[in-house]
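Please read the structure below before turning to the comments.
As written, the chains take the letters A, B, C and D, and residue 1 is the first residue of each chain.
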Amino acid sequence: MAANVPLLVPEVNPDHAAAIAMQRTRDARSTEHGWSGSIVTNPNCSATPLVMALKPLQEAFGVRKVMVTTLQAISGAGYPGVPSYDILDNAIPYIGGEEEKVEHETRKMLGSWESGHGFIDAPITVSAQCNRVATREGHLECVSVELGSEVSLEDIIIAWENYVPEPQRLGLPSAPAHALVYRRERDRPQTLLDRDAGRGMTTTIGRLRTCPILGYKFVLLAHNTIRGAAGGSILNAELCVSKGLV
Amino acid sequence: MAANVPLLVPEVNPDHAAAIAMQRTRDARSTEHGWSGSIVTNPNCSATPLVMALKPLQEAFGVRKVMVTTLQAISGAGYPGVPSYDILDNAIPYIGGEEEKVEHETRKMLGSWESGHGFIDAPITVSAQCNRVATREGHLECVSVELGSEVSLEDIIIAWENYVPEPQRLGLPSAPAHALVYRRERDRPQTLLDRDAGRGMTTTIGRLRTCPILGYKFVLLAHNTIRGAAGGSILNAELCVSKGLV
Amino acid sequence: MAANVPLLVPEVNPDHAAAIAMQRTRDARSTEHGWSGSIVTNPNCSATPLVMALKPLQEAFGVRKVMVTTLQAISGAGYPGVPSYDILDNAIPYIGGEEEKVEHETRKMLGSWESGHGFIDAPITVSAQCNRVATREGHLECVSVELGSEVSLEDIIIAWENYVPEPQRLGLPSAPAHALVYRRERDRPQTLLDRDAGRGMTTTIGRLRTCPILGYKFVLLAHNTIRGAAGGSILNAELCVSKGLV
Amino acid sequence: MAANVPLLVPEVNPDHAAAIAMQRTRDARSTEHGWSGSIVTNPNCSATPLVMALKPLQEAFGVRKVMVTTLQAISGAGYPGVPSYDILDNAIPYIGGEEEKVEHETRKMLGSWESGHGFIDAPITVSAQCNRVATREGHLECVSVELGSEVSLEDIIIAWENYVPEPQRLGLPSAPAHALVYRRERDRPQTLLDRDAGRGMTTTIGRLRTCPILGYKFVLLAHNTIRGAAGGSILNAELCVSKGLV
């Protein structure tokens, strides 16, 4: 969360990559310290698909509040990670530091980068509850959102389905055909069935319905170790290369 | 959800049992139809522990809004229930009719019974998202609430810890020593570790913290087939006997 | 197990396909009954990889006795199959009819087809114990064998590694590059790690060591719904086409 | 496996406790080394229930050969033990050192202790294959045995059902009512359903049938962390106290 280190999700905030140039300027002054690369940080594996689903809504309607409860796979804890005796036949409603990361990183990634000022958080209130469940891969997230304007459910689905972000426009090698897929079945996305969508790079959304408290609720699912980690890093690198930043 | 059939949780709405007398009056007129018993319905196994946790807050502070996301055990679906091929290494964000039940029954159970008028829903907005996970027993629920007044976290914990509802006051045989237990560890309750609390009849609460959207959030856990079904039915029967209703 | 219906595993008993011609002759006489196709039966999904592993040993050294204990995936029971409540955190040492099938079919498939006489079982004693475990796909089998001659462990591995059966010689489209793969790591094959070998068509073997009772023991693993069912059927069809039998 | 350290299972070899007196004699000479207690070792958690099931057969009919394939719970590996990422949706046919222990300890425990000579292994050939599966507690074992004489299946069941070993005769506090229980259902014992028999101290046997290779086969199940560890230690201590050895 350092001042000029971007949390980059190419489908969401490719403009944040500009912060790298700023790092470089400073690095130029600090090569005497023997190090002159740039840092791009991989965002949290739960925050990544969340901002992917929110970005088109933010652009089209504005987003004010986001309540999210996650059901996260064991692979999110690395290896050896969660002991089997802790998670078999269990659900654990605590992942150290995770809720804070989801809340902070979501605001940062949906915020703006202003040269000379740095990162400015999006004015969105985020509340997260994070759970570990006995799945191998795939973070499932139950989301409620308050938008900036009242729209129909179909308007929201169209915003997701029409969303063609920069990696897809640029045709980056690791970009899936669709950054977002909305499934209309009543019981999708499911962790096991949808985590490999777009070779693990697509975020799958479903179950959009009205929420009597915040207006809208839905479910999203993404592969935490591909989209949320290794694959995301590669896509970041591809973006930086295409922008001439590395 | 019939007009004069109570959804009874003895720790929450023992006064709703009065609706049975009303049934009896009508039954007296209808014995010609060959049936003269009374009906008490077991509430939904996710709604039951939710109203147990909310009732002391409603009494002490008022409750305005409740957002809940559940992680429900496979036994909630009865037997044979969920095929293993559907749930092993999976989480399913859909349980038919469950979200509607949690939303409606919570309002009804926290509402009032007024002789001559019937049941009047509590003025609480409830929004539920229900998920099936690969646990044998125990429904875990992540809850955010908006209360009627601003209170400290410690006030809320005290309200839970000091709560002694009617089954405990009456010393009903199936009533656990504590209807509610609040655990202060940062990673409790957990499905596996807490579902058998109070021989499966206690609702365990934990992780109370501020919610930037609704004010407060916490996690609760109860045994769905004991507290949420068989054990709850027995406790209902014990309450009715002690009140001279059967 | 009918008289002239072959249990065909193309890597093991492609010559049994000749039984089809015999069926045809009889069918020719029976078309008045309105049906004139041929029947090839898919063998049991546990017996299939077992005979694949045994065939090269039978050819090179002879096989006298086979003791096998299986750990079979839930998908072997079809859908909806095993209720999750029966198998989560459980192992079930009984699968109806399975042990008998493994014992009978192994002898039949490793036996011979003699025109005019039909199928003659191989003179091998087989004893099976079959268990259901909580894996999605992949049948793991712990095998002890008594061979016809005393050989070194390395001789056995070479027999497996040099085995190039008919589908591979013919280059059938669904045949994997290697029908059998022997892994030398001390903890392989594993259900999760090896079930997809050869796109699910390869049988993976490992842990060959001496057995103080029968002489040799090892572990094998195959994908039950690909190798053991759908993929095996397609390979059977490809073999029959290549032999001009259909 | 030291020369005068017994592997004690009170239901099987209570006479091996005599080795402790021998230790004491030597200890008396070695108190100059500052240590004067006695050592009793807890046997392997898979070998323990195996010898419990074999002992009555050895006494009644003699036992010559034992082939055993285990399906062992994750708790057998201690804590943190098996990473969840290694075992969820997997079976692992390797547990370091386990097969050797089962083979050696079974012979030692079913052998004799002769003062002046030490432990003499039983003349039984044992072959073990050990697997880790995704169960929390309970080791399931598929066993084939060759007995010293030909007997009926019912004779064997009677030997198990009539077995009243020393802890039960002495009424040791931790001894379950029945050391062994034979279940006649075709699909028992099961890990989940039978591990808690006798408060985790009973070994449950089932599925006795003929084995075409060794004569007889059956399945057994015991709680690995109670019978196979903590509970077994307590029973050992109770036995030693009752024999005046501590």
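Heads up, the rule we're going with is that contacts are C-beta pairs under 8 Å (C-beta built on N, C-alpha and C of every residue); 3 or more make two chains touch, one makes a residue touch a chain.
Being a predicted model, the structure only gives us computed values, none of them experimental.
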Where chain A and chain D overlap in contact partners, by chain label: B, C
Between B-C and B-D, the pair with more C-beta contacts: B-C
Residue-number overlap at the chain A/chain B interface, same or different (half cut): same
Centre distance in Å when chain B and chain D are each reduced to the mean of their C-alpha atoms: 46
Geometric centre distance via CA averages, chain B-chain A, whole Å: 35
Between chain C and chain B, distance of the C-alpha-averaged centres to the nearest whole Å: 52
Numbers and ranges of chain D residues touching at least 2 other chains: 88-89, 134-136
Contacting residues of chain C [partner chain B, same complex]: 74-75, 79-89, 134-136
Touch list for chain B against partner chain A, complex: 65, 67, 69, 71, 89-94, 103, 125-127, 129, 131, 133-136, 138, 140, 142, 144, 186-187, 189-193, 206-207, 211-214, 217, 219
Residues of chain D touching chain B in the complex: 88-89
